[in-house]
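Next up: some structures, all given as structure tokens.
Each of the next two complexes has chain A plus one other chain: chain B in the first, chain C in the second.
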Partner chain A sequence: MKELQDLARTLLSDGTVQVVIGWEDGPTGARPVFVTSPEGADKLIFDTRCVHNLATFLSPRRSHVARLGKAAVVVKGCDARAVAMLLRESQIKREDIVLIGVRCGGVQKDPASKEPLTAATVADKCTGCDVREPHLADHVVGELPQAPPNDDARERFIEELSAMPASERWEFWQTAFARCVRCNACREVCPLCTCERCIVDKTQPRWIEPSAHPAAIMAWQITRAQHHAGRCSDCGECARVCPAGIPLDVLNREMARILQIRFDYTATDDPEAPAPLGAFRTDDGQEFIR
Partner chain B sequence: MSETRFITTQALAELTAELLAAGTRVVAPAEAADGAVDYQVISNAKDVVLDERMPRRSLRGFFQPPTEQVFTWNRTDSGFSLKPVDLSTEPWVVLGARPCDAAGAAAIDAVMNGEPKDDLWMRRRETVTVIGLACAAMGPGCFCELVGKGPADTTGSDILLRPAQGGYIVEIVTPRGQAFVEAHSAKFTSTDAEVQAPPKRYDPAPMDRIEAWLEANFNDEFWQELSLRCLGCGTCTSICPTCYCFDIVDEPVGTSAGARRRNWDTCQVGLFTLHASGHNPRPEQTNRCRQRIMHKFYIYPHRHDILLCTGCGRCVVACPTGVNLPEILTGIAGRAGEDTTMGGPA
Partner chain C sequence: MVAFVCNWCTYTGADLAGTSRLTMEPNVRIVRLPCTGRIDPLFILKALERGADGVIVSGCHPGDCHYTSGNYHARRRFAVFHDLLQFLGFEEDRLTFSWVSASEGMKWKDIVDDAVARVRALGPFRGYDREAVAGSELAGRAA
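Up next is the complex of A and B:
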């Protein structure tokens, strides 16, 4: 903790950055904080409650944050995958940000949790983590903790879903989507929903109706999932925020699984790695494209 | 109208079963598939959950569904016809409404029952009997007392149930509640049981000082500070018992028919205020966060003399980045206190 606070203090005092975006201990658990003075660096924490993906604050859509000036962002290894995607898609420039990587041994589902990190409390995204040590960062702080407890409930559920007959799977998603109120919270929290104008907000022509009726919900949810195929970093913030409790992360994971099979692609924190749907390869597995 | 009766847990279950058998629509807290509690349309009296678990979402959706048809249109060779939605609504019952949710719907009546009257909202309000359930414990986000309400507040309830040994002390609040008790009088007995003091967490915040500070500090740097962590997801407004804003859309089917619908909207997204010209009077999240606080604690009380917040605390729990309304209110009260022009200490 002291290492993180000292580093933030230095970056702010020597003018390297104007704001450090990290976590603090808020009234209801860990939450994002924006430190703009060296004195404020004492607020910074990192522990197992820091589930949030702070890369979302780098999205150019958040102009009220950009106004603070050059930012240093504290990232877990998994969060760095979203930063890498923002870089790959030219949404941000590498020289405009400082990345403070934190070594991580897994985070909780609930940032307000007071429980120890166990298979019951660990976030689904931590299962099988291979980025406990962030690669993309300018600075890496903390000791390398043990690997997170393994809870493969989500992976098993995805396997169950894939094994279902298509009609049953369709019914599962129809039931889940029937709860959707079309609030677009999943879009707003997403670090990679960077479109200046989302297709669902366009009215001339109106591609997707905004009402919460079954056809429109399905059109939105399919579009959302497709647009994140090969882009999603599996931070799970869409599922965490959904007021209707729709397991959007399951859908994202399923898309990722298909991308792995069809394009030999896994979400990565390497900004130079070619995007599966944005790169041409002469050895592409899909014949129609060669 | 502060008459009290008693109803046993058994008699309440029987009463619920009788209502269902008579075909009455009953909405009550019940377990959802994922184990959490939601207000739901009940089909079996056994499903009703009247324990300490706070329903995940407010009652709003039962008075104003996320999507609601207003009318349909049809164009034929002989002309153009509009078919308004059927407004007739059978009497229905909400059982086990939390005091914050009952009061929330009542707060919205101030705008919906104005001029013009909103029939889509009022038809459901005028036909409902709300049986409130006083809270026996505080949930993780609860702050009703801070906004001048409380775990046993009767606002918006026709009858309030207060948990007691073996059942509930029944506080009759309105003539509609009185009529309901009389219609099912065999289930209720007289009582001299004492009500237990409700749980307590906060003292009321100085709302008039907060209102005065809001009026005078539209451009304070506080708003920037407050909004930095806000992602603009609007989940606070989706689960809120007092948010009612909607958007109206026309959705055609082919070229000659279609429906006008109204949908939940949220002040937390840019599209809410985007003009056709491209200009947006609330271009950034800072403006939108301010709007949420202004509407609830300055604009609405100024216009209708009612706070547009009942302290249910769902926004505190649901916010993905820990935006905390009690912290905001006490922060504003603190600022108002320091500023001597706000009536605070000199």
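Up next is the complex of A and C:
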């Protein structure tokens, strides 16, 4: 922790960056913090409650962040995948940001949690983590902690869902989506929702109705999943912020599985990797086409 | 039913079916687009939202695209879309993807007849009707 604070202090005082985006200890658990002066660097923390993917603040649609000046962002290895995607899509320039990587041994489901990290409390995304030592970062701080407990409830749930008859799956998702209030929190928090004007906000033509009608919710959820196919870094922020508790991370996980099976693609922190839906092979599978 | 077809192959194929005086199910309304690459999955969702009971998407065979690679890109997009809908439990028979070339009037007739028969067997699409879907024992599990 001191290593992180010292580094942030140095970067801010020698003028390398104007703002450090990290986590602080808030009244209701860890929360994102913007540190703009060397004195403020003491606030910075990193522990298992630092769930948030701070790469979202780099998205160019957040012009209020860009106005603060050059930013250093504290990223876990998994967050770096979102940064890599922003770089890959030319949304940010590598030289415009400083990445402070933190070695991570898994995070909690809930940033307010005071429990130790166990199979029950660890975030699903931490299962099988291969980026505890973050890549892509300019500075890497901290000791390498133990590997997180492996327990991906989502994998089990996806298997369970896939084994159901289609009509029951439809019923499950319709019931889950019925709670959607169309608040767009999933979009707002997403590091890869970079569109300046989202398709749900477009009115001429109105492709996706803004109401909470089942058809409109379906159009939104499918479009959201489809727009993130081959881009999603599986940070699970959408599901965490959803006030209706819709298991969006299950949908994202399934999309990742589809891309893995269909196109042998996995989310990566390599900014040079090709985008699966921006490319094709002449021998792609087409068993669903007559 | 709505069919989204590409201008260069399937539309011409459907035209051939017509000029050949082939008799087929009259339920399909064709929307002509420049290429299957122009077809956004949202078109399909919109059609279902506005009352279509089934959708056909058809274009040039791989390698035959007028724009060289439009159908290859579409194939990837619809592969993901198809698998996603399957995971969401959408009735697969309502959605038909096909390649129909300009000379395959007969194939177009078969695709249309088959798609209409499968949708007819399912009946009207009521998937967005809350009362038709309500009463789920899974409600508590959805969290």
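By our rule, the second predicted complex is superposed on the first by the 278 of 290 C-alpha atoms of A that agree within 3 Å, B and C clash if a C-alpha of one lies under 4 Å from a C-alpha of the other, contacts with A are read in each partner's own complex, and residues count from 1 in each chain.
What we mean here is this: contacts are C-beta pairs under 8 Å (C-beta built on N, C-alpha and C of every residue); 3 or more make two chains touch, one makes a residue touch a chain.
All values reported here derive from a predicted model rather than from experimental measurement.
Novice: Between chain B and chain C, pick out the one touching the greater number of residues of chain A.
Specialist: Higher number of touched chain A residues: C.
Novice: Looking at the overlay, does A:E254 come into contact with chain B only (first), chain C only (second), both, or neither?
Specialist: In the superposition, A:E254 contacts chain C only.
Novice: On the A-aligned overlay, A:W170 touches which partner chain: chain B = first, chain C = second, or both, or neither?
Specialist: In the superposition, A:W170 contacts chain C only.
Novice: Touch test for A:P145: chain B only (first), chain C only (second), both, or neither?
Specialist: neither
Novice: Mind working out whether A:G245 is in touch with chain B, chain C, both or neither, as first, second, both or neither?
Specialist: In the superposition, A:G245 touches chain B and chain C alike.
Novice: Using the touch definition from the top, say if A:P210 reaches chain B (first), chain C (second), both or neither.
Specialist: Only chain B is touched by A:P210; chain C is not.
Novice: Contacts for A:R62 in the overlay, against chain B (first) and chain C (second): which applies, first, second, both or neither?
Specialist: Only chain B; A:R62 stays clear of chain C.
Novice: After lining up the shared chain so the two structures overlap, which partner does A:P274 touch, if you call chain B first and chain C second: first, second, both or neither?
Specialist: Once the two structures are laid over each other on A, A:P274 reaches no partner at all.
Novice: Could you look at A:R31 and tell me whether it touches chain B, chain C, both or neither (first, second, both, neither)?
Specialist: First partner only.
Novice: Where on chain A do the contacts with chain B and the contacts with chain C coincide?
Specialist: 209, 213, 216, 245
Novice: If you look only at chain A, which of its residues touch chain B in the complex?
Specialist: So the residues of chain A touching chain B come out as 26-34, 52, 56, 62-65, 68, 111-112, 181-185, 188-189, 201, 209-213, 216, 237, 240-241, 243, 245.
Novice: In the complex of these two chains, what residues of chain A are touching chain C?
Specialist: 161-162, 164, 166-176, 178-179, 199, 207-209, 213-216, 218-219, 222-223, 225-226, 229-230, 245-247, 251, 254-255, 258-259, 262-263, 276-277, 279-282, 284-286, 288-290
Novice: Residue numbers of chain B touching chain A in their complex, please.
Specialist: Contacts found on chain B: 32, 34, 36, 56-57, 61, 66-67, 140-141, 224, 227-229, 231-235, 237-239, 247, 249, 251, 261, 263-264, 266, 268-269, 271, 283-286, 316-318, 320-322, 324, 326-327.
Novice: In their shared complex, at which residues does chain C touch chain A?
Specialist: Checking each residue of chain C against chain A gives 41-42, 45-46, 48-49, 62-63, 69, 72-73, 75-92, 96-99, 111, 127-130, 133, 136, 138-139, 141-143.
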